[in-house]
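In what comes next, subunit A is part of two complexes: it sits with subunit B in the first one and with subunit C in the second one.
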Partner chain A sequence: MTQPAIKVEDLSFSYGDIEAVKNVSFEVMPGEILGFLGPNGAGKSTTIKVLTGQMRPKSGRAEILGRETGRDDPEIQAQIGVCFEEKNLYLNMSGLENLNFFASLYGIKDPDAMEVLRRVGLADRAKDRVHSYSKGMRQRMMISRAFINKPTVLFLDEPTDGLDPVTSAQIRTTIQEEADRGAAVLLTTHDMFEADQLSDRVAFINEGEIVALDTAENLKLKYGERSVKVRLRDGEGVREEHIPLDEPGSSARIAELASSPDLMTIHTEEATLEAIFIKLTGRGLE
Partner chain B sequence: MSLARIWKVLRKDFAMGPRSPFFLYALVLPIVLTVLFQFAFGSLFEPKPRLGIVDAGNSEITAAMEAAEGIELTLLDDAEELKRQVEANDLDGGLVLPTGFDEAVRDGARPPLDFYIGGESHASNRIILMVTALDSIREVEGSTAPVEVEVVSFGEEGLPLTLRLVPIIVFYALVLAGVAVPGSSMVEEKEKGTLMAILVTPVKVGEVLAAKWLLGLSLTFVMAMMTLALNGALGSRPLDVMLVVLIASLLTAMLGLLVGVVSKDSTMMFGIIKGAGVILFAPVLWYLFPSWPQWIAKLFPLYWIIEPIWQVSVMGEAVSEVWLELVVALAISAMMLPVIVALARRMQAQMASR
Partner chain C sequence: MERTVSRGAILRALLKKELIAYSRDKLYLFLTLLTLVFVLAVFWIMPDSVDETITLAVSPPVETLIAEGIETFRAMGVPEEQLAEIAETDLAEESEGVDLVNFDDVAEMTAVIEGSLEAWRTDAGDIVLRDIEAGDPRPADARRLSVDIGIAFPEGFIADVVGGTERVTVTVYSDAAVPAEIENAMTSFVREAAYQLAGRDLPVTMPDDDTIVLGVDRAGDQVSYRDKLVPMLAFMILLIETFSMASLISVEVLQRTVTAVLVTPARIADVLAAKSIFGTGMALAQGLVVLALVGAFTAENWWLLLITMLLGSMMFNGVAMIVGSAGKDFLGQLFYAMAFTVPLILPAFSVLWPGSAALWVQAIPTFPVLDALVGITIYDAGWTDVWRSFGFALAWVAVLYGAGLFTLKRKVESL
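The block that comes next holds the complex of A and B.
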């Protein structure tokens, strides 16, 4: 049976008296993308910091590839790739120099840094210093740096935060490619669209606790309402009607409206992850 | 701890060095100070008087001028070329000694002698050349000076000011290259977040600290040796000088590391360097004012590295004469190590919780 790449059991962490992560448990399997969805300050980045060995947990256990984290274990560190929320690149070095330097820290003798840059669309700017890069280009550099060691486990902290839709889409494609290669991906985001599109499973985290963890589809089925929205002409205006699918007589009502000459559009209504998050926590994702 | 990983971080720091204003400042300032001090107090811009001679008869005057200290002699074959060089201010003065000149002087024939003087030459250089030439001619004639001059010196006997200023320049080389460069390199990595990026790779914090320390150590060693060489203060025991400079570099690089781990940002680092600068600089004053009580200088940490450098490089002492100072310097460095390790752990926790 395949072992989880990331295994977290009852993990807690506090900043002084403030409990940032409370008894969190989850697993991420190889090739799986787990979306950590929650608002700012929910405990997403703290969880990543504990898992990447930057901080030691107050209690509980966190394992990467079967080995406990937070023990300055170079073998574990060699297997992970991290994309920080903060764009911490060497601005006075070129993109290529940045990647070659980090590849050398992993002991990679002949890194194919140009190929990695090509994947994120930066090959033509490889020799330019990073300080001349735009925000989107720097973010793509961050992603490429996380990939340089072909990691088994990837931690991506808000990888598309504040980017334009085109750059965000490019980054999502490369993340999916890494998962397809077999990497376990822990993706933190407060973008419900990104979480929905990329994640195999989604964990809702709020005030340091996981309040729901399942596939996006199951969450929608479990917490959403199945309904149909029908729009009809009403004299000079438009009238909308919401018909819950699980109520008796709904099929007959839908058939009646569908045959109406006033019918304009008819759509199924799915709950969004954000709506479910609000339903579960009473707060939004922003 | 992996030497390979330390080397990779160190190599990156050296490669990035020329792109860092601080690194360049550390390289340039000791050289600039040397030139400035030599200009103000030394003889860098007071070149020796330059004399050209066309000697057709193998004169003893030429040999005497050649032997004279403080004169730069150029021998030429052609009188016209001599005149041209004097006129162009390539020479301060020129003599044309014809065949049989020495014999004519000895016979008391009072032969004519043309002494060409450059119009742009310094008056002091002209006087030196003319007096020295006349003295040589008098020696050829066989006569002696009509008086005996007794030289009596007044004022404090001591080393020239240019040598007493050497500790100041060496101090700047040590503090800039040893303290400011590794300190600022560490702080910049923290501020930009690149240290955190390094620490999620297999590199450990101890390896980063070792690389920064080696950066300071090697740069300080090179800059201090270069500064001493530029000031003509390498002494007669270069290996001894290298040893004391190495120990001095070791201590200052530890100080740099300490400043680097304790400072949260550049503002704090510059504040510490400015605040501690007085304490660091204090022992240098005792070389400018040697009459001050020496025991006070020993209260300051850098005394224990500047004194050995002074004794071995300037005063020509053997390293065995300064072993106590060197042991104290090594002890100070050793005491700093556990403090740096403890502060580095705190630094790591602070960075992660940002």
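The block that comes next holds the complex of A and C.
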């Protein structure tokens, strides 16, 4: 049986009296993308900081590749890649120099930094200093830095935050490629579309607690409402009707409307992750 | 996947990164080069010889005093041959390094010393007084005299001295800015003159000296400003390096790049070691270059200078780590840098102006380093002269370096 790449059991962390993470438990298997979905301040980044050894947990246990996490474990740290929410790059160094420097910290003698930059679309700016990069380019640089050591475990903290749709799509593609290669990916985001599109499973985190964890499909089935939206002509205007599929008599009502001469469109509807999150927590993702 | 990396490889990577970051910090690179050029320029501009001539005002004129003395001695029956010898006495000539300016009136002399009147000497040797407030014109073909100290002899004082009068008071006037050493020198001059004329000491009060003179008392064998500047130059380089290193640390902390480094196999100890080695190395290298350029090294002192500069570099690097950890932005860093480094550089100024330093200067951590530097570069001190300073300096290095490492470690851990 395959061992989980990330295993977290009853993990808690506090900033003074404020409990940022409360008894969180989850696992991420190799090749799996687990989306950590929650609003700002929910505890997503804190969980990553504990897992990457930047902070020590107050209680509970966190393992990476079967070893307990900690700041001074070079063997674990050699296997992980981290994309921080803040763009902490060496601005006075070029993109290529940044990657080569970090590769040397991992003991990689001949890093194919240009290939990594090519994957994120920065090969033509490789020798330019990072301070001349746009926000989107810096974010791609952050992603490429996380990939430089071909990590077994990837921690990506809001990797597409504030980016344009095209750049976001590029970054999502590269993340999926890493998972396809076999890397376990823990992706924190408050973008429900990103979580839905990329994640094999999604964990809803709110006020430091995981309130739901499953595949996006199962969450929708479990907590969402299946319905059909029908639009009909109504004199000069348009009338909409939502018909829940799980209620008795819904099939007959749909058949009736489908045969109506006023029918304009008919669509099936499924719950969004955001709607489910609101339903479970009583608050939105922003 | 098994992947290992040695601590040496990590340290090399961090040092290479520090060098790149340092070489691309244009502000501090500019400041470093500017300081190097500036201090070397100042060094070569400074005179390499000492002008020991002191301008001394006397009232009444020396000739009057001698004439009075001759009359007194003649009345006492001193032979004419001896009186002729006294008449030929030239005090100014016999007192090497003293430029005598004669005043008929004590009030005029004190006015010149306090600055309300100017004294000018014409090419013919005459003294012309100029009252600026009264609108006196600048004297032609004359140079202004800087008279900061003067001696007023009482009327008939030689007769009183020779005649055995118990109290003969000679008053020494000096400007407030005149160092105590000069006052002492003048007092000695008066004593010498008194012995020469009357074979008797005069009641001139010696000022108490509670100040520190760095190095050896070399009365009559003074050190030129250029030589005195050597320790100052070395300290200026260390100071600029403190700013540079603090800036590098501050940027790393504020931009949190150090956090990215610490999720790799690099440990916090590697980061601290790299900062220590790079900061100390850069300061030491530049300090040694400056000392070499000003010709401070000799076959005998090179290893003592090396130890001294190493201690100084480590001390300032410790300060840089504290400053770099504390500053939240450029201005904050500048504030902390000034707050820490200005007191540390005070002992270097005391070398330029001996007598300006007080006992508390000895309590400044850089004092033993500077004391050793002064001894080695100016007074050819050897190991037996400086080992005590090295001991104190080492203790201060342990304190400041330890504090720097502790502060930076705490800061990085808190990110």
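Note that in this section the second predicted complex is superposed on the first by the 285 of 286 C-alpha atoms of A that agree within 3 Å, B and C clash if a C-alpha of one lies under 4 Å from a C-alpha of the other, contacts with A are read in each partner's own complex, and residues count from 1 in each chain.
Here is the rule we use: a contact is a pair of C-beta atoms (placed from the backbone, for glycine too) under 8 Å apart; a residue touches a chain by one contact, two chains touch by 3 or more.
Note that the structure is predicted; figures quoted are calculated from it, not measured.
Partners subunit B and subunit C clash in the overlay (superposition on subunit A).
Once the two complexes are laid over each other on the shared chain, residue contacts for A:Y15 go to subunit B alone; subunit C is not touched. In the superposed model, A:D246 makes contact with neither subunit B nor subunit C. Of the two partner chains, both subunit B and subunit C are touched by A:R145. Once the two complexes are overlaid on the shared chain, A:Q77 sits against subunit B and subunit C alike. After overlaying the two complexes on the shared chain, residue contacts for A:L105 are found with subunit B and with subunit C alike.
Once the two complexes are laid over each other on the shared chain, residue contacts for A:D180 go to neither subunit B nor subunit C. The residues of subunit A shared by its contacts with subunit B and with subunit C are 52-54, 72, 74-75, 77-78, 80, 82, 84, 86, 88-93, 97, 101-102, 104-107, 145, 149.
Listed in rising order, the residues of subunit A touching subunit C in the complex are 52-54, 71-72, 74-75, 77-80, 82, 84, 86, 88-93, 97, 101-102, 104-107, 129, 145, 149-150, 152. Residues 2, 4-5, 8-9, 12, 15-16, 19-20, 192-194, 196-204, 348-349, 351-353 of subunit B are the ones touching subunit A in the complex. Residues 1, 3-6, 9-10, 12-14, 16-17, 20-21, 24-25, 255-257, 259-268, 415 of subunit C touch subunit A in their complex. Residues 15, 49, 52-55, 72, 74-75, 77-78, 80, 82, 84, 86-93, 97, 101-102, 104-107, 145, 149 of subunit A touch subunit B in their complex.
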